Amino acid sequence: MDFKDIIQDIYKNVKAMEDCGALPTYIPDLAEVDPNKFGVHITTMDCQNYGVGDCYQKFSIQSIAKVLSLILAYKLLGAKIWERVDVEPSGNAFNSLLQLEVEKGIPRNPFINAGALVIADILLSELKNPKAEFLAFVRDISNNEDINYSSQIAASEKEVGFRNIALCNFIKSLGNIKNNPADVLDLYFDICSLEMHCKDLSELFLFLANNGKKITDKTPILTETQSKRINALMQTCGFYDESGEFAFRVGLPGKSGVGGGIIAIYPDKYAIAVWSPKLNKKGNSYKGMKFLEEFTSVTNLSIF
Amino acid sequence: MDFKDIIQDIYKNVKAMEDCGALPTYIPDLAEVDPNKFGVHITTMDCQNYGVGDCYQKFSIQSIAKVLSLILAYKLLGAKIWERVDVEPSGNAFNSLLQLEVEKGIPRNPFINAGALVIADILLSELKNPKAEFLAFVRDISNNEDINYSSQIAASEKEVGFRNIALCNFIKSLGNIKNNPADVLDLYFDICSLEMHCKDLSELFLFLANNGKKITDKTPILTETQSKRINALMQTCGFYDESGEFAFRVGLPGKSGVGGGIIAIYPDKYAIAVWSPKLNKKGNSYKGMKFLEEFTSVTNLSIF
Amino acid sequence: MDFKDIIQDIYKNVKAMEDCGALPTYIPDLAEVDPNKFGVHITTMDCQNYGVGDCYQKFSIQSIAKVLSLILAYKLLGAKIWERVDVEPSGNAFNSLLQLEVEKGIPRNPFINAGALVIADILLSELKNPKAEFLAFVRDISNNEDINYSSQIAASEKEVGFRNIALCNFIKSLGNIKNNPADVLDLYFDICSLEMHCKDLSELFLFLANNGKKITDKTPILTETQSKRINALMQTCGFYDESGEFAFRVGLPGKSGVGGGIIAIYPDKYAIAVWSPKLNKKGNSYKGMKFLEEFTSVTNLSIF
Amino acid sequence: MDFKDIIQDIYKNVKAMEDCGALPTYIPDLAEVDPNKFGVHITTMDCQNYGVGDCYQKFSIQSIAKVLSLILAYKLLGAKIWERVDVEPSGNAFNSLLQLEVEKGIPRNPFINAGALVIADILLSELKNPKAEFLAFVRDISNNEDINYSSQIAASEKEVGFRNIALCNFIKSLGNIKNNPADVLDLYFDICSLEMHCKDLSELFLFLANNGKKITDKTPILTETQSKRINALMQTCGFYDESGEFAFRVGLPGKSGVGGGIIAIYPDKYAIAVWSPKLNKKGNSYKGMKFLEEFTSVTNLSIF
């Protein structure tokens, strides 16, 4: 299937729609992004590589980076990481602290903040130079030396990150953070500050459509089973409290970030990245969701 | 792919394993089932129809029936049913009543008891003769007049169903049950009492692998989009608080019941039913989960 | 201290105030009471017996009756009742079902609905003719044959009592209701339907100011210790989620009902009853609270 | 009434009892206190001043200090402090974080940690030199220059205070902490580190039995109404999730600390302090509770 015309058409439609989303206000620097940005990029197993709109402009990938830190931790520790974090959807945000208490500090999954903090704690324990080594890992997967942290975004989040400080210290008090909470938070905010554009993202994540192997030289990043499991996790837990809705409407494993980005994977076929900064009420890109829903409807390609 | 040998091999392996599950104790009649029963049956789009073990012995399908009542309600009301029930995983069982209160009587999804009660309420409002019409609907999908309710199981559950009575009256107090709670419960317990064997189940559910159309005469039960959405829902919500784990280990949409049955669907390929009465701690068939995990590993067929 | 003039003055003041409360809407028959009714009656250990306003008009005492059913159960079973119900304030209403689940069906205290249902269950187990014997007990304490249930109010509540049906069946599922939930609810609604006027109430409850003994003939209803404990319970748990506020502003043990009545006790001195049907947001009589706050301020008589 | 013999007798009895409590383990320095210490001291309005056992040995008063910081904030801001903290019992500890979220950062009362952190935040905003001025205030009430913070205890708590750090940052994220969380925590830990012996405590708190006025020179610390309200708050909220039980068994307003101290007040009569370091499951001194229960039984003096 040639995706170029389909993407152009849907892009035009969704571009013209009213955007019912809103910029997130709680991170000062994210609140200043141009709300009209809109980009899409697809990279396929059969070597299509096509983008439209603002697909070459970098943005803060935020929670999308949680997939990458999880993958590195999974690679380092294997199945042992599931002793520290579960693989279940979290239900609503509302009871997250309650659940942590009941479940003795084991976060429901690695994509909620609690889980990503535990993953950051694992990286801190396992790596000598976590910040540099994580960046090198990400650059290596995508053969792209142009990917970087944003120290400005990281600093902006640290300043107002009281909820995350609370969360990290709470898990520490429950015994599931091993390092100093301040160090864990520091690494966590850096990880979330990664900046990429849609093309970077779709190229980077294509290995998850390829059973965990890099497209270029077939180097395994993850085993085939591990790769399927990461996809399954994105399917059930990738969109905060809208994961069911995303499976329902879009039908692909994926992950969103509060910066307005979404990555979605069709196993054995493609990875597609969308960026539009205004978020719906559940915190996912309003136009990004719309685009992907239409895209899987028109192409009739969902995994279900 | 020819599944016969694969199924035989895995069946033998799993049959020989120690069964770490336990019979459910809270429904008297289910507690008396022979715990060593174990059956598997697959029905494929390319006309394979193969079973092993106790695959022709009927059992109580329990919550698997919630997929069927949902499908009938979806067929009758279309997308309007999503105003009465959401499509999100529920997080843990623990906070279900709390969530209902916070979310004003809208259950998280149609597969938790709260959601299935609302679906039963919809059927009660929409059908003249709900009990008979629902049964006719199920028989029609599978061209199988041999499917029936078990009045004994339904009676057994009614006697001890205090938690469900509580739930139904609680939702009524929140305004999302329109009929008399006693009538809703009556229909609900009947629906859950349906009895089938593995062959019935895999044949019945094959239409969800066929984009919503019956295999025999291509009659649409659901539209293609509706069918995909039911599959997506089973993927994210089909296994109580183990839905993430099932996606993670098995990687297929499916639904389990407290009677020890599991149905799983591989879109465009097959439906497979497993039955083994002893349940793991999350309430899903212990050997059923084991069998399906091994089956998707060996065949290398998961949707992710 | 002569209370007559003080009561007249405060009554006049509070009568003239704007009433910021509202009639409860969820029990049809309570919603039809004349909202401007306002009565006060005091009965003292030194034989003052004085009332103003609508102090001789009967009203539905509702939750105030929970003190009386508790007292009868306490008398019958002694300290063993505390194995079935706790003596702690409940925190907010919001999490009542959650707490029940965590605390395995043991209600936080006998004045929340859950606790009063367990007390009704105890009476059902301990008495041959619970409805008649409870009424006889209440009449005997106050030497007042004129006290009765209202079958109309009881029927009105049963019709819309889905929340209480839910609660009772939920506790049954947790094992702390021994009888049939329908029978427990039936007795519960009857108990809550008791009708009295302010004079009845202040005379009836005076024995709690007298260390548990009837004033007239010194017959002990409760032991001195038991009587103090009932007062302590009213202090910490008598006003739903406003018990702290009532202790804070009024400083007396007491109990309110959704019918707009409040009874308050000053140990060794008096019992005072107030009735005004419009309720504040926490479900307590708006003018009743105002009157008592002013009364304890002016008389400078609080227990603190 | 002459309390000397009564106190001696009860002290002897309770001293001989098995101590079913345990030292708290989470604050290293408290875990090293001699568990057999046991002291009692009473100070009465009619000038009795009597103690037994280890009544002259200082200990860490911990949460008892929350009454003192509340009193200073109340004195400084008056009724405005109730916009920042409520006066209701909290229900169980279990749902404290949940409640904070639902109630938008307004702690249930000033004696739970969340509330005491908000009070510390108020002192930080209102005082130039909060640490010194608070100490001066405490010393002034009791005319006792010998009262001091313990920098060792404060440091010991800071090291392991992850739960309190979490709590403070959580409230900050909800908007009800105005200063830097680290500064608030610093003051909070200092306040809790105050050291006194039983005699210090009973003399210091006697003004709450005297309608808010110092005994010596009648200087008002609080107005009469304020003083009654502090007593009411101690009655309903002073013993964590055992406040109902304490009202029920002891029947006096009071406050306990995790250091094993309890202060209790009988309005118009006396203040009594008890110290025994081993705590019951709810976190209150095991022998302290026993002593006070027996003391109010024998003297037949409870406020109910």
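Chains: A, B, C and D, in written order; residue numbering restarts at 1 for each.
Convention: a residue touches a chain if its C-beta (ideal position, glycine included) is under 8 Å from a C-beta of that chain, and two chains touch if they have at least 3 such contacts.
Model, not experiment: these values are computed from the prediction.
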Chain whose average C-alpha position is farthest from subunit B's own: D
Whole-Å separation of chain centres (CA-atom averages), subunit A against subunit B: 32
Euclidean distance of C-alpha centroids - subunit A vs subunit C, Å: 55
Residues within subunit C bordering two or more other chains: 94-95, 98
Interchain contacts (touch definition) - all pairs: A-B, A-D, B-C, C-D
Residue numbers on subunit C that touch subunit D, as the complex places them: 86-92, 94-95, 98-99, 102-103, 108-109, 224-225, 228-229, 231-233, 235-237, 241-245, 247-249, 251, 253, 267, 297, 300, 302-304
In the complex with subunit A, residue positions of subunit D that touch it: 94-95, 97-98, 101, 162-163, 165-170, 172-173, 181
